[in-house]
Every structure is written in C-alpha cells, then in structure tokens.
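Step one of this worksheet: look at the structure below.
Think of it as A, B, C and D in the order they're written, each chain with its own count starting at 1.
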Amino acid sequence: MTVRIGVVGAGWIGKEHIRRLTHTVTGARVTAVTDIDPARAAEAAGLVGARVLPDGAAVIALGDVDAVLVTSWGPTHAEHVLNAVAAGKPVFCEKPLATSAEDCLRIVEAEQAYGRRLVQVGFMRRYDAGYRQMKEVIDAGRIGAPLIVHCAHRNPGVPDSYTSDMAALDTAVHEVDVLRWLLDDEIVSAQVVTPRATRYRAAHLKDPQIMLFETAKGVRIDLEVFVNCRYGYDIQCEAVGEEGVVRLPEPSSVALRGAGQRTSAVLTDWVERFRGAFDTEFREWVAGVGAGSAPTGPSAWDGYAATVITSATVQALESGLVVPTDLKPRPAFYGGAA
Amino acid sequence: MTVRIGVVGAGWIGKEHIRRLTHTVTGARVTAVTDIDPARAAEAAGLVGARVLPDGAAVIALGDVDAVLVTSWGPTHAEHVLNAVAAGKPVFCEKPLATSAEDCLRIVEAEQAYGRRLVQVGFMRRYDAGYRQMKEVIDAGRIGAPLIVHCAHRNPGVPDSYTSDMAALDTAVHEVDVLRWLLDDEIVSAQVVTPRATRYRAAHLKDPQIMLFETAKGVRIDLEVFVNCRYGYDIQCEAVGEEGVVRLPEPSSVALRGAGQRTSAVLTDWVERFRGAFDTEFREWVAGVGAGSAPTGPSAWDGYAATVITSATVQALESGLVVPTDLKPRPAFYGGAA
Amino acid sequence: MTVRIGVVGAGWIGKEHIRRLTHTVTGARVTAVTDIDPARAAEAAGLVGARVLPDGAAVIALGDVDAVLVTSWGPTHAEHVLNAVAAGKPVFCEKPLATSAEDCLRIVEAEQAYGRRLVQVGFMRRYDAGYRQMKEVIDAGRIGAPLIVHCAHRNPGVPDSYTSDMAALDTAVHEVDVLRWLLDDEIVSAQVVTPRATRYRAAHLKDPQIMLFETAKGVRIDLEVFVNCRYGYDIQCEAVGEEGVVRLPEPSSVALRGAGQRTSAVLTDWVERFRGAFDTEFREWVAGVGAGSAPTGPSAWDGYAATVITSATVQALESGLVVPTDLKPRPAFYGGAA
Amino acid sequence: MTVRIGVVGAGWIGKEHIRRLTHTVTGARVTAVTDIDPARAAEAAGLVGARVLPDGAAVIALGDVDAVLVTSWGPTHAEHVLNAVAAGKPVFCEKPLATSAEDCLRIVEAEQAYGRRLVQVGFMRRYDAGYRQMKEVIDAGRIGAPLIVHCAHRNPGVPDSYTSDMAALDTAVHEVDVLRWLLDDEIVSAQVVTPRATRYRAAHLKDPQIMLFETAKGVRIDLEVFVNCRYGYDIQCEAVGEEGVVRLPEPSSVALRGAGQRTSAVLTDWVERFRGAFDTEFREWVAGVGAGSAPTGPSAWDGYAATVITSATVQALESGLVVPTDLKPRPAFYGGAA
C-alpha cells in the first residue's frame, strides 16, 4: 500500500523531502502540497503531480492524505502538528517540534489524549550509520557505563543572519537529541563557555562556543559548536566509558598520496554528510506508517526535551551560569524514566 | 512512469533483486517471474504480486514487461539475453553475460544489428562510492598516468564446490571489469602464480592465487585472490601513477578502544560490502530505462571482454604461462579503441 | 667534553635517568649519587661506577660534578635546586620544581640574582616528536589563531595512594606545561567538573575529571583526566584554530587484520609512550650544558607557573568554582609577556 | 669499556656513521679513519679526534682499533672484510658484503675457518620498529603461516647515474634481506615485470619494476620498486597469512584538517625514515662488540644471499625469465636450513 503524504511547507527542506519521498523512498506518494507562497507550492507540487492546497488545515483534512509532513517555518509547526493529531493522522515534523516548551507540551498532551503515538520529529542523526554503530557498541556494554562524551559540530560558514542563540537552537539541537538517545539518558543542566572568537564570524556572533551538559546519570558532555570553521563540515563524537572508548567514524573517502602528503577529503556540505541518514529516516517512517504501526523515531517528548534543553543552553550562554533544564517528569506513555 | 520488469531466475540473487526493485528502488515494479523450479518462482512472485510464467521466453514476450532481468543459471544467460534483444527490450543480465566468448559475441552482434544498446551486465563495482571516487581522482589526472594497480580480493571462505578456475571466472571477474573501467584500458595478457596454499582450503583448490595482468597501455595489475582468508571480506585496490597513488577507502566503521587495542570491524559479508553499489546500479538502470535512454553501465562488449579475459586467466593458471587475451577489436558501436 | 653529573635521589625515576645518561645519551657521565636511603644510592651508583655521597649538598659541592640532576622526593626539590643555583651549577629538576608557589618564586629570584639561566624542569612532552610537529604546524600559522584545545590524559590505572588532587598536581601538570608552550600563552583560570565516577576507582577518588582552562588570549582548553580508564595509556590533543585543526598522532603500530577486525595496539605504559621524549630531553640538555650555553627547556618560571596553575585547579575541584590563577607578571629575564 | 672503531671509507655514509658512533651511540669511539681521498679522511677524522691512516689494512692492523666499520666503495668491501676476519676483529660492513657471489663465499669460508662470527652486514631494516613489530606478530603465529607478502619501495627520485640493475642491487636488496628475516625463509627464484615507464625517469631506466619472488616454503612476494614516484619516500609491506594480515605502520605524523582536506605528511627522505633503525643497529652492534659476544645482526651468509638473489633479479629483468637463485646450502654455522 502506498502512503499518500501531504506536505505543509515547500521551502528548501520541504522540496528536498518531496524529492526523497518520490524518487528515493518506495511506498510513498506526495499527493498534496501547501506553502505560504502559492507559487512555491505550485512549483513543488508540479514536480510530482500533487495537488496544491491553500493551507495546512486543508492538506491535513484531505481524504487522500494518509500522513502529514510538516516542513514549514518553525513557529507554525505546533499548529500543524496539533491539527494532524486532532485528525488522527501520523505526522512527521521537521525540527523543532515547536519553538516554545508550552507548545511542545500541548502536543504531548494532545497525543496522549489521542491514545497512541502519531508524531515523529525530524532528528535524522539517529538514522546515521555511524551513530547507530556507536549505539550498538554502547548498548552491548562494550565500553562499560558511559562517563563522558566529547563532541564537535563544525560548519564551514553561516550567513550573517545566524545569531548566537542559533548555536544551541539550530545547531547543537542535533547533538542534544542524538546524545539523549545514544546514552538513553536525560540532560539536566547546561553551561556555555566562549573561547576567543574567530575573526571569520559576523561581529554579533559568539563563535565558537563550548557547551557543557550534565545528564541525569552524571555523564558529562562537552560540545564544541564552531559554525565558521572554514575547512569543512565535520561532526565528531567520542563516548568514554568505564572500559573503553568508541568514536564516530570519518566519512569514507579515498586516500591520495601526492606531493609529500597523504590526503583525504573532508565533506563541506551537511546535506551530503547526512543524506543516507535522511533516506533511512524516511524509509523507516514510511514503512511504519504503511504498516499501520506507531512511529519508533524521535517522539513528541523528544521534541519537547530538545526545545527545553536548547532554551536552557541559550540562557546559559547569556547568563554565564550553569542552568538546570528542569524538564517535567517523562510520562509513562513515552517510555517513562530516562 | 513505472518500469515493469520481468525476472528470469528466482534463486538467491534473483530474489535479492526482486526485493531491491520492490522496496529500495523507486520507479520499478516486478510484474512477471519465472524459474526452472516453479515453486521457487511462485514464492518470489507471491512476495510482490507478480505473475508466474513457465519460462524465460514467456516472460520476455509478455506485454506488461518493459524490461528484463536475467538472474538464472549462468549457462542459460545467452539465450535469454538474445531473446530480449530480439524483442527490443532492455535487459539487465547478472554476470557472466555468457559462459563462452562465442555466445558473448552473438549477443554483441545481435545488439549491433538491433542498432542501439539494450544490454547491461551486472558488474556492480562501477557503482561503489569508493571506486567512483578513485575514478574521479584518476580521470582528473591527480595521480598522473596510471602505471600499476595493486588489488586484493579476499573472502572469508567458500563451499567445497568452489573450484580453482572460479577464482578467475567468479571472483576476479569483478576486478577485471572494474579495472578496465577505472583505467579506461584493455587487458591484453594474464599470468597466474600460486603461492603456498592455505591449510583451510579444500584439497582440490589452489588458494590463494596471484593474478598478473598487463593492459594495452602497459599498466601492470597484481591481484591477490584469496577465498579462504577467514578473517573477513576485504577488497583492496591501489592505483599507482606517475605523480601519486590513490587507494580505495576502508568501509566506514566505528573505532573502539578497549583492552590495549584500537579495533574496527572488517566486513565478513560481500552483500553488505556492495549493498550500496547494487542499489545505485539498479536505481540508475531503472531511471535510464524509464527515461527511454540507452544503458550507460557495463555493456555486452564489457561482458564479452570479461569472459575472454577470465578464460585466459584460467588457461594461465593451468599452463603456468603468460596467456594473451586476444580480444577482438572493439567495435565503434561500443565506444571504439580502449 | 664529558659532562659530569651528580644525581640527588635514586628512586625509580632517578635510576631510569642514570641509565639513560650512561647508556643512551652520549657526552655525560654520572659521577656522584645520593639518596635518603644509602643502600639505594649505593646500588644505583654501583651500576655506573659513581661515588656515593651522604646528601644533596655534598653532591652539589663536589668538584667533579659539573651539573646536577634532582630526582628526589618532590618536597625536597627546592632546597637542592637553590643549592645548585648558589653553586652556579646547571640543574635539571624533575617536576615539580617545588611544591609551593613561594618556593618556586625563591628559585626564580635566586636564578635572576645569579644572572643567567641554570634551571631546567623535567617536562618531557616538549621533546615528544608529535607535540613538536603540532607546534611547528601552529607556529607556521597553518591552523590560524588557536581558539580551543581538546585534550585527554588516560592511564590504565593508579594505586590506591593516588588522591583526587593528584589528577591536577601529578597528571594534568604535563598538559599544563605543554599547552602553555604549544600555544605560547598563559593559563588564567581553571574549572573542574566531575562526571559520574568509574566503578574501577578507589572510593576516595574523583575519576574521571574534566578540567577547563582559559588562557590570556582567550583560548579554551578542555582536558579529560581519567586515570583508571583500564584500556591503555592514551594521550590525545587536538588544537582547533581559525582555519584548521591539528591533532597529535597515534603512536605508530602495526595494523593487524584477523577474525573480523582491524586492530592496532594501544600503549599501556607511559614510560614507553614518552621514552623518545625523555631521550631527546636529556640529549639536548647534556649538549647544552657541555657547550656551556643556558638551558632552552622548561624554565624555573615554567615550573612556578605549573605549580600555581595546578594548585588553582585543585582549588577549583574542591570549590566547584572557576578559580583565577593569579600568576605574577612574567619577568623579562624569562622572555617577558606570554 | 669503550669500543674503539676504525673506519674504512669516509664518504657520505661513512661520515654519517662516524657522527652516529660519536654523538648518538654510547660506548664507542672512532679512533682511526681512512679513505681513498686523504683530505676526506682528514676532515672526518678531525671532527672526532681520530687518527688518519693511509689505507684499510693499516686501520685494521692498528692496536687501538677493536672493531672495523667498512663504508668504502662497494667493490672494495670484500678485501677489507677479509682483512678484518684475518685479524680476528669484529667488522660491520655496509651493504653489499661483496659485489660477487664468489667474494661473499670467500668471506663466509674465512669466517667459518676462524670459528666464530665476526661479520655483520648493514641491513638496517631489521632494526626498524615497524618491521620488528611485524616479526613479533608473525612469529607469534597471529597471522598463521605466511603465504604472500606485498611490498612497495618508492623513492621520490634518483640521479641519472642510477641504472636499471640498481633497482635490484641497491634498492630491492633491502626488501630481500628483511623479508628473508621476517619470514625465516629463503628466496629461490625471481621474476621481473616492467610496467609502462614513468615519464619522469631517465631514458635508459626501467622504472617502475615489479619483482616477484618465491621462497623455499612457497611464499610469493610482489615488490614494486618505483624510484621516481615523485611524491615521497614510501615503504609499504603487508604479509598475508592463513589467518590474518599484518601491515607495516605509516610513520607517525600529525593530522591536519584544513581547506576541505585531512592531510598528513609523507616522508621524502630515506635517511629520516630509517634514522631510528640505524641508531638501534649501531647501538646493538656496539653493545655486542663491547660485551665480547658474536654479532646477532645480518651475517656474512645473509650478505651472500642478498648478493646472489639480487644478481638473479637483474638476470630476470634482462631475460624476462623466472630465474632460480641457486643458493648453496646454508652451513650449520649460520643456523642451518632456512
């Protein structure tokens, strides 16, 4: 059975996913598209023979939409997700789930009221082959209990519109989610220290930043966020446990010897780095929806936690203090405890 | 437009590709299946809702078969491919194209008579990301003119039915094809030397073997074929040029530090090693067929060359001599020269 | 000219250096040895045909002692170094220079009063080939201005007598010195966060610890100290600059493929890790003394800085606060500024 | 006891070893030097306060010469080594031991007649840390019985005076010796194939060459010799056994990330590559001579074997044939068998 998908938001990432659902993932068909800019919606819909609808509500209500993909502007996410839950339709929402903790909680409550999971949030790193290998190693006890995680998230550059709070909200949010999952643990506090800034940043920007997180189990995470590192898009992650250390692999690349050097390429484009993860993410989501089973990916609760933790990180940056995340207790509906 | 595919041969690899065409590659649908064992055909067809037909001819003739996949027993390939060409239908044939040079040439002639390319042979390595990176590096002149290629093809083990000639015919055939493509060059002679045999081989088997090839341009290739290496499935390739050296990357794998060692996994399964290559191979083939364009993958001529060169390699093994491959001149139809 | 060396302290490290000065480094001869335990002194002296003297003062005063090596118990270092300076003899003092900032300053003042450098402190990492390569890369501007340094210092295990403050005083002290030199910068504050402790530590011990340092130029350093990591002795260092990243190499080790894995050994012994550095350190020191030139290695000022910074780090551990190091201004005698 | 060494030949390598014996290795002193060019002898002797003597015979006869280092022109080696043996003095002879098999055998016979080993030949690779690790791994049975060895010996360039036979005689000779030792096996035949030549060679030179050796136990060795590879000095060695594969490590070098690449330096100078091996070689030789024990390094027999095998390799290059080495049986004096 082909899953018929309605897409709310046809910007860059929306179009990327429409292409993915059409040409890369089997079992899905995009049947309806909307966007705040009707021309953009028409263009995206035209590529795949989908209908253009006036707004998200119309897409969600449509009979031949089995599931909803929300790729609109962040502040509008909550409304569309709540609509989809109200309609009892599975909904995949690009991060963030919502821009405020309150909106995230409204979704969490609506989903619990509905009685089964409908919402998946687009944290694709859980689908990256390297992180999955790390999780297997950790879950198998091969490094013993995790104690420390060292991470780096480096981008070659960012536009001038990128502000200091986005280092947490837009960039570190990926580590926040993937580390909660990798460690099966919760982040309870955040601190940010700011090294000397690179000359290549915009004047208003604190770059790089070092974020320090503590988890409920006492694991300490240090995360370098450096969005003007110039040399490449480079994601590093190393988990240190009681009996060993596991490290994310480098992306595979031919080694060249020439002119007194061994060289391998470093990726410069995050889309290339996580293309495989995006593909797997949607393949598994579509398969689950097609089979009528609840989503197994990042939940509304994970979306809530990410929003709360990254907001606390922004506060930590601004105050210079260690800021507790003060997450609410995790409902049993979302697996309890951790 | 969905490409409707008829499958001739529902053994292990046939079923694997049926699954791939159904669940991994978009734009295709398997509509008919046959096998020498009707139960096996029925089982495979049942999984994807395809019809079962009595034989290859029936599959090829079927109206709702746009393209043919030949995954039957090697000695039957030629017949099915010739039938497909006669029917003017695109045909993807797992290696070998045919088990004799004569049969390969009959296909080559039939295809030329038809007037455009219809045949693609299943040498998947050309679609492996690592080999493609190597080819980019070589084609960009970054190692200068290639002079030597060092290769190793290691399998953890083989069944007792694996015989010494299969080292060339079934195993080295992949290097033969990918190196001709990588170097844009032709193999003109073969020699085989046999090291001390491993104790872990069957008594009748010469394992490992070292194959030495020379190309038209004078490049020398040494290829270790070791099919009972026990430790893993390991493919190595290093091209040495006038100005540098390029090497196939290791498959990406997390690094673990523990108990006095750094360790990374070595794959043990060839299917896992080349899964991505198979996917890309079929994705590109289906896209091409769907677009009505001629195949760009390994041609009938490449299939002919592989059969001739690996046969010469078997002769070299048996005689201890350097055996010229004596390939016919390449028709302009297949790009001429190289 | 052979440099005649008097050794004060014949414990493990003293004997190691006596052997080094006799069998590995040319141009030196150990002529006198003392130790608080006369039997130990006699044993060490006997190996190399040196005289045994009753105490450090006697060794330093001896006519056929050109230079002094202090390898006694830490709290006695200051006395012997001051004696050597008073005698106008070059003195190599194993770390720490002295256990209090006050004693370090007395040495610094005595040396300045003497009018030329006589003191070198035994921070051997500056002589490690890998750190030297890193320094060349940084000094050549190949990573641009340094912004962040990530370090790890892991030991397989420690005796029960190892206490939490030793993580800074005995272990991190090596990074403190080598980073000041690598960055040509001063450390101005320290903070320590304590992850969940490993089950393999003694009950009284905080292990691992993460130390956070800030430099005068604003570089941020994070240093994992983990002295019961079990798997090996592992020193990591990565400097992140405005234009690139440079990383300490792994010790060279053969790679083995077997049983589904690629493996390389991780060292388990710090002596093996830094043997080459120790050899170079003494080779250069002896050559300098033999040539009558002032030492170029870690100075008394570096010894003072290391003692002050590691003491501040212990305070930071105990208080949970960010502790400024409040170093005195660097005298021009020691190169000023940085 | 200091070993007093007389040096016959003060060219580049002679001076290098004089420096090494004086400034790097303890326990030795160069007391006499000769050279066919008296000025060159005087210069070298002056650096270390040694006497200049008119010829090798005078050096060998001198009372305060305990051991002899032969670093003269290759064709004169045999005479000096025979003289040293006649005088009952330990002699270290740079490779080759002699330029003809006959001369090598005369030395072998003289040494046997003398009754104990005096001769060591300067094959330094046996002292390289990486090769020693490989030997440990092989001897411990960790790869099972060796079956194949893949090697490459690449130099950035050679002077015009370098001729095609020197690829075996001067270059591959190092692999010939180290592989006999690594495998504890004898080389019984040689074959050479010549790839397309690099444009960067002199017109008279066959470069690169691929040498194929077979051992008594049936191990097959392929050795790429490429002396104008331009990009660096690069030594590769990989031994393939019944249960695993071991590979020589890359020289340790910092990794730099910058401008879309990860890079590490490749050495360009063979002296730098094997400096540590040379040091260890002389350290162990001097220690042995000082202790009055027989040398444990490459023997006169190894020197004979190297000369015979590399001569056979030159014949193989010139004839295009597989050439048996026809080594005489190994005398029990030299450890028999292998």
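One rule holds in what follows: a residue touches a chain if its C-beta (ideal position, glycine included) is under 8 Å from a C-beta of that chain, and two chains touch if they have at least 3 such contacts.
To keep track of the chains, here are their UniProt names: A, B, C, D = Inositol 2-dehydrogenase.
Worth saying up front: this structure is predicted, and the values here are computed from it rather than measured.
J.: Starting at chain A, how many touching-chain steps does it take at least to reach chain C?
T.: Minimum step count, chain A to chain C: 1.
J.: Where the centre means the average of the CA atoms, what chain is farthest from chain C?
T.: B
J.: In angstrom, rounded to a whole number, how far apart do the mean CA points of chain A and chain B lie?
T.: Centre separation, chain A to chain B: 38 Å.
J.: Roughly how far is chain A from chain D, going centre to centre by Cα mean, in whole Å?
T.: Going by mean C-alpha positions, chain A sits 58 Å from chain D.
J.: Whole-Å distance, chain B centre to chain D centre, using C-alpha means?
T.: For chain B versus chain D, the centre distance works out to 44 Å.
J.: Show the residues in chain B shared as contacts by 2 or more other chains, in ascending order.
T.: In chain B, 230-231, 234, 243-245, 250, 257-259, 264 touch at least two other chains.
J.: What kind of graph do the touching chains make: line, ring, star, complete, other?
T.: complete
J.: Provide the residue numbers of chain D that touch chain B in the complex, in ascending order.
T.: 144-145, 147-148, 150, 152, 193-200, 208, 210, 212, 214, 217-220, 222, 224, 226, 229-231, 234, 240, 242-245
J.: Across the complex, what residues on chain C touch chain B?
T.: 230-232, 234, 250, 257-266, 268
J.: Could you list, by residue number, the parts of chain C that touch chain D in their complex?
T.: By the definition above, chain C touches chain D via 22-27, 129-130, 133-134, 137, 142-143, 243-259, 264.
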